[in-house]
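Here it is: the structure, laid out below.
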Amino acid sequence: MATVKLWTDEEVSLHPRIKAVFDDIRATRKSDFVNNFWRALANEPALLERTWSSIKAVMIEPGALDPITKELIYIAVSTVNSCSYCVHSHTAAARAKGISDLQYSEFLAVVRMASETNALATALQVPVDPEFDAS
Amino acid sequence: MATVKLWTDEEVSLHPRIKAVFDDIRATRKSDFVNNFWRALANEPALLERTWSSIKAVMIEPGALDPITKELIYIAVSTVNSCSYCVHSHTAAARAKGISDLQYSEFLAVVRMASETNALATALQVPVDPEFDAS
Amino acid sequence: MATVKLWTDEEVSLHPRIKAVFDDIRATRKSDFVNNFWRALANEPALLERTWSSIKAVMIEPGALDPITKELIYIAVSTVNSCSYCVHSHTAAARAKGISDLQYSEFLAVVRMASETNALATALQVPVDPEFDAS
Amino acid sequence: MATVKLWTDEEVSLHPRIKAVFDDIRATRKSDFVNNFWRALANEPALLERTWSSIKAVMIEPGALDPITKELIYIAVSTVNSCSYCVHSHTAAARAKGISDLQYSEFLAVVRMASETNALATALQVPVDPEFDAS
Amino acid sequence: MATVKLWTDEEVSLHPRIKAVFDDIRATRKSDFVNNFWRALANEPALLERTWSSIKAVMIEPGALDPITKELIYIAVSTVNSCSYCVHSHTAAARAKGISDLQYSEFLAVVRMASETNALATALQVPVDPEFDAS
Amino acid sequence: MATVKLWTDEEVSLHPRIKAVFDDIRATRKSDFVNNFWRALANEPALLERTWSSIKAVMIEPGALDPITKELIYIAVSTVNSCSYCVHSHTAAARAKGISDLQYSEFLAVVRMASETNALATALQVPVDPEFDAS
């Protein structure tokens, strides 16, 4: 189920603006598979273009953080936001990028640790130490 | 303000169980500064011991993820949980561990990207592709 | 799946207190369809009455905000709370009330924008400007 | 407190790239006041430019939703994300754009209503009715 | 800071509808202290009346759950919602109702435990066992 | 669907470290049923051991809070975190431990009440009264 239509390849092929994005997704990822997120965003061509162009710049182009680190940050955010779709798709992406079992284990340990200390710091309403101020 | 008392060094010095943890925090971090999170947890000695021992194992001992990557995952979780204390303390920790300006910029870009696509995937209720199933 | 029983029309017909609410839902909405939310709440008659009466007053009776605006605020809250049921039901409600494609596009753009700037303001722990204080 | 430096006007004046954005904020809003969010983002010039350009397109340029509706959606998202800064700044923005007391009252009523029904739907794990599927 | 005015006792005394609620708060709690939540809600008399009447019915009138259990559930919700105000006010309420140090310790342990297993179940996207279905 | 493999009893039987935990779960709960959460955690033996040992200490061993109260706090946290799995499994646990219909009704009422007042306190950004400070 979804709140919008999921575009099939046949429907996409009839809309050049949408097809251009799908073509670029396939070329960039060197894979014919286009996942449902893009098939849902196809209902909003401007948002589709903007989001793909942003994902490409942030997640795919080389930078100071390696690709696996970026996926782990993405999964961490998606986990706390309870975004089932995003947890699934970016865990698959981390695997496709070669994350090791040990790295994934440590990732889970950090997320677990942060979740519990977040809850404790909020329950206790710990005041921020002035030493942490960078303003 | 806080919902519990924040223990001063003088009060800590009178409780050997709590003092042992504070001593280990100082020795492990090679710094005299003990931040408010531990001063608040001092009200719960068992929780204090458990949390410090867990933080040491997860965040300080060497592993498959480097220390800066672990801090970034921690800040990502804390940001989505709106834990003001944790964002402040772990951003300071990332800086102390030598995060570069470029790494921090890219971290912000990934968090921003994940936050917006999480919202979109949830608003559109995109169904998870069977390709992502690992069960 | 659900954590409680979903009441069928036949079961509802045997309980006058619950039936009265279902009858009013049908009469108010001029539709025979009663969605699962009410079939789940039927396990708690007092909560069922209170929630329906509140929904009717807040969402259905005319006021200073038009019905589509109220649905959009509802979907925004439900999206951030990751309430899959509520996103689905209120997106359907917005459509039933005549939301245009352009309005829905702009809604998604605002939700995306707010989600990313929320994450940035929290990650940077931006202090509130005194100019915003209304107390 | 903040996790980053807040740029003063004097510091901004020495960096043409940042100054250009601040000048455009002032010109667009017809006000000399530049709030702390932008002073924090000034540490990340690319993010500053991208965010301001996006805010201008989404929140300021005329569209299918009126400016007050867009602010209300923004405040709704920010409230659920517990973004103190964003709630303050966008409530001030809604006031500056002329929201009436009655509109604000109804906004609070919808947010309250959505928050409580979100919690109920999640606690009861109500299954989505097939009637709501638009895929 | 706040996004609305906080009403002083003098201002309240001039508005009979608001004064009636404040009088009932004081009489019910047998205390002259009226906390800021009600002083903020005073801007919305209908919401003030509704919320106080609801709080009285749910939190103060005797029922199947004892008063401390109800406060702990309230603090748990408020902690995960990062509602600083609510964590502070309901932790104070739990203390005023006589929560023991041991009860509070166990409460923190359950919140910590739930927070970490929630994160794990979401990161792993564990499918709900059919045995848990009650529908 | 899940992001990891769910271990069958047959697979578990071949790994003594994992089998020891599953045996203890069955013995402690006096039931042959082992739910999916543990079958997913089996991929991470250290995390499996740690989590089960922690759950046993916090949720099963007798303490100052009765077992039903602890389950209710757990469900409250899980509801706000939108952890579908955890809401399902701990509501089933509360039922298995003998929660009455009236207790569950009141639980829902408190969660509803807290959710709505959390949203109001955050939307109004009510400042914490100095009277609530325990530091």
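All chains are identified by letter, namely A, B, C, D, E and F, in their written order; residue positions are counted from 1 within each chain.
Keep this in mind: a contact is a pair of C-beta atoms (placed from the backbone, for glycine too) under 8 Å apart; a residue touches a chain by one contact, two chains touch by 3 or more.
Small disclaimer: the values here were computed from a predicted structure and weren't measured.
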Revision key, fill the gap. Counting C-beta pairs in contact for A-F and for D-F, the higher total belongs to D-F
Check your understanding: If you match contact pairs by residue number, which of C-E, B-D or B-E shares over half of them with A-D?
Key -> C-E
Practice item. Indicate the whole-number Å distance between the mean C-alpha point of chain A and the mean C-alpha point of chain C. Key: 27
Practice item. Please compute the C-alpha centroid of chain E, do the same for chain F, then give the distance between them in whole Å. Key: 21
Review point. Can you list the chain E residues in contact with two or more other chains?
Key: 1-4, 6, 47, 77, 79-84, 87-88, 91-92, 105, 108-109, 111-113, 115-116, 118-120, 122-125, 127-128, 132-135
**Study point:** In the complex, chain C residues that touch chain F
**Key:** 1, 3, 44, 46-47, 77, 81-83, 135
Review point. What part of chain F is in contact with chain D in the complex they form?
Key: 75, 79-80, 82, 84, 87-88, 91, 108, 111-113, 115-116, 118-120, 122-123, 125
Review point. Considering the complex alone, what residue numbers of chain A touch chain F?
Key: 82, 87-88, 91-92, 105, 108-109, 112, 119, 127
**Study point:** Contacting residues of chain B [partner chain A, same complex]
**Key:** 1-4, 6, 33, 35-37, 40-41, 47, 51, 54-55, 58-59, 63-65, 69-70, 72-74, 76-81, 83-86, 88-89, 91-92, 95, 100, 102-103, 105-107, 109-129, 131-134
Review point. Which of the residues in chain A come into contact with chain D in the complex?
Key: 1-6, 128, 130, 132-135
